[in-house]
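Here it is: the structure, laid out below.
We just call them A, B, C, D, E, F, G, H, I, J, K and L in the order they show up, numbering each chain from 1.
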C-alpha cells in the first residue's frame, strides 16, 4: 500500500490579489486531483496594457499518488 | 538599560487571504506583548473538507525584551 | 539598438493588504517609467500607533533602458 | 537521439527512519521508471496518534526521457 | 477562538543515527506540549573522545498556542 | 477559461557549451508543448572517457496548461 | 537524562560596532541562561537623529534545556 | 576621498549564447560608466516566434562612485 | 502622497574593521540622501600590497522617495 | 600560536543508510586528521544495478590547522 | 576499501565564454587528478584594460580519494 | 600558462572582534600562500569559561594555483 506524494509546481494568475491567484490555481488543481497541501514559492507580475496589475504566483502542490 | 529584542516565529491561519492570516496573527501577538515589527517567511495552505482554501502564514515577530 | 533592462528595488506600503502595497508601488513606478515586470522579494510590517497593521513589501521592478 | 532527463519531486513516508522513507520512495519510483539519481531536499514529519514519529522526506528524482 | 502555532527550534543528539536524534528530540518535546509537525533544518556532529560519532540535529517544531 | 502554467524541471546535455545544452533541451521540449519561458537553475558536468567535458544543465520550463 | 538544546533568536544593538552589538546581546543572555554557542545571522542598522550609526545584529543562541 | 561602489542590476539579451548576453550588457554598461566587476545572478529565456532561443541574463555590475 | 522607498546597493571599504567600512559608506550616503535603514549583505576583502587587510562590505540602503 | 581550522568537503557512501554514509566518511577522515566537527550539507544517491539504494552524503569537516 | 570523494573549489578564467572558463579549469584539474564530476556555482568577471570581458567561473570538482 | 585559483575555507578565532578574527586568519594564510581575496561566510562564537566572547569566523580564501 503506497503512501507517497508528488509535488507539482504551477503558476496562477489574478488581476485582483496574490491570494486570489493562489485560490484560482489551487481550486482548479483540486478539480483534477486531490490537493493535499500547497506552498507559495514566488510572487511576480506585470502591468497589463490597460494599466492594471496582473499577479503571477508560483505554487508547489502536494498530490497523493496511486489513490 | 537593556535594548535587545527576541524574535518569535508563529503561524497564522485564515480562510480569506494571506494578508488576513498575517493580520490575525500579529494582532493576537500584540495583545500578549508589544510587536516591534514582523516578517512573513513562508506561505503554505491546504484545501479544507468543504473545498475552501486555508492560508497558513509563518511570520517572524520582533518583541522587545525587559520592557 | 540596445535591448537591456535595469532592475530597481523598491518598498511599497499599505494598511490594507500585501497585494495593495504591491499595487500602490508598481502603479506609482509605472508613472515614472514603463514597468516591464516585477517580483515580490520580502514582506515585512509593523503595528501602527493606533493598533493597525502596516504592510511593507519589497519589490524588484524590471525597467527598460534607453527607450 | 534525445539525451535529456526530467526531475520529479516526490515525498516518501516511514515510521522507522529518514533513510527508510527515502528507500521506500525511490524503490517505488524505480518500479514505474528508471531512477537515474535522487536528491533529498526536505525532511519533515509529525507525531502519529499512537505517539510514534512519522518521517516525511521530499526527494527530487532524475528520470531519463524517451528511453 | 485563536488558531495560531508557535515554532520552536531545538537540537537533539544521538550516538546512533540522525533519525534517532530527531526521534529523541521530538518525543521529549511531545511530553512538554503537543507537537503538531516538525522539520529537520541542520545536521551536524562531532567525534567523541572514544572515537564515536555524535549526531546533532536542529529541528523546527510546530506547537499549538492557547490549547 | 483557465490561465495557469505548470513548471517542468529537465536536464539537457551538450559536449560543446552550457548554452547549447540549454538550447537542445528547450527546443526538444518545445516540440512536445509550447515553452512559455525557462530558467537555468543548475550547471553541472563530468569528463567523458575520451577526456571531453559534458555539460549537464538543469532548466525549469514554464508550460501553458489546457491550451 | 535529556541532552537537547533550544535555539533562541535575539537582536542586539550598539552605536560602536557589529562586534559590540553581538557582545552586549550574548553577555546579557548569558546572565539569564548558559549560552552554549551563538551564530550571527543578520546585520542591519539605521542612522540615529544625531547622525550616528546604530548597528542591529540578529543572533541565534544555543541554550541547554533542563539543566 | 570617497572609495565606495554602487551595484547596478541589469538584464542583457542574446539569441546566440549566455556569454554573449553577458558581453553585450557589460560592454554597453562600460560605455556609460567604468565597470569594476560583474556577477551573473540569473539565467532565464524564452522561445521567440520563429522558434529560436532568447537568453536573458541578470547581471550585478560594480560601478565606482564619485570618480 | 507617495510613501515608498528605494533600495540602493553599495560597497564600502576600510583598512580597520568591517564596522568602519559600513560606517564610512552609510555616513557618506547619508550626506547625499536620508538613509532610512541599512542591511549588510556581503563581507569580502583582500590583502593590500603592504600586507594589510582591506575590508569590502556590501550594504543595501533604504532611501525615501519623493521627499 | 595559531588557532585556526580548515574546512574540508567530502562525500561518503553507504548502501544502508544516510547515517552510515556520514559515519563511514567521518571515521575515515578521523584516521587522517583530528575531526573537530562536521556538517551534512547534501544528501543524494542512486539505484545500483542490483536494485539497491546507494546513499551519497556531502559533509563539511572542521580540521584543526598546525596541530 | 575506501569509497569517498573530496570536493575541491576552483576558479577558471576565459576571455571568450563561460563554458570555455569551465572547460579550461576542468581539463587542467583532470591532469592533476581524476575529475569525477563538477558543478558551476558562481559566474563573475571584469572588463580588461583593452575593453574585453574576462569571465571568472567558480566550480566545485568531485575528486576520488585514495585511488 | 595556467591562470586558475583554488578556494580554501578556514575558520579564524578572536576574543576581541569579528574583524580581528578575519584579520588573524587572513594574515596567517598570507604567510603560507598569496591571498588573492577573501569572503566572510559565517560568524559564530561561544562564551569562554571566564565569561568572555570568542568570535569564530568562517572565511573563503582565493589562492592562486601554480604560481
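Brief remarks on what is shown
Definition applied: contacts are C-beta pairs under 8 Å (C-beta built on N, C-alpha and C of every residue); 3 or more make two chains touch, one makes a residue touch a chain.
Source: prediction; values computed, not measured.
The chains touching subunit E as well as subunit H do not exist; no chain touches both. Touch-path distance (fewest steps) from subunit F to subunit G is 3. Counted by residue number, the contact pairs of I-L are over half the same as those of D-E, the matching pair from D-E, J-K or C-H.
The geometric centre of subunit D is 44 Å away from that of subunit I, both derived from CA atoms.
Between subunit A and subunit F, the centres computed from C-alpha atoms are 22 Å apart. Centre-to-centre separation of subunit A and subunit K, using mean CA positions: 38 Å.
Contact of a single residue of subunit G with at least two other chains is seen at positions 9, 17-19. Chain pairs that touch, as defined above: A-B, A-C, A-D, A-F, B-C, B-E, B-G, C-H, C-I, D-E, D-F, D-J, E-G, E-J, F-H, F-K, G-I, G-L, H-I, H-K, I-L, J-K, J-L, K-L.
For subunit A in complex with subunit F, the residues that touch the partner chain are 8-13, 24-25, 28, 58.
By the touch criterion given at the top, residues 16-19, 42-47, 51, 53, 55 of subunit J touch subunit D in their complex. Within the complex, the subunit K residues that touch subunit J are 2-7, 9, 60, 62, 65. Put simply, subunit E touches subunit D in their complex at residues 17-19, 22-23, 26-27, 30, 35-40.
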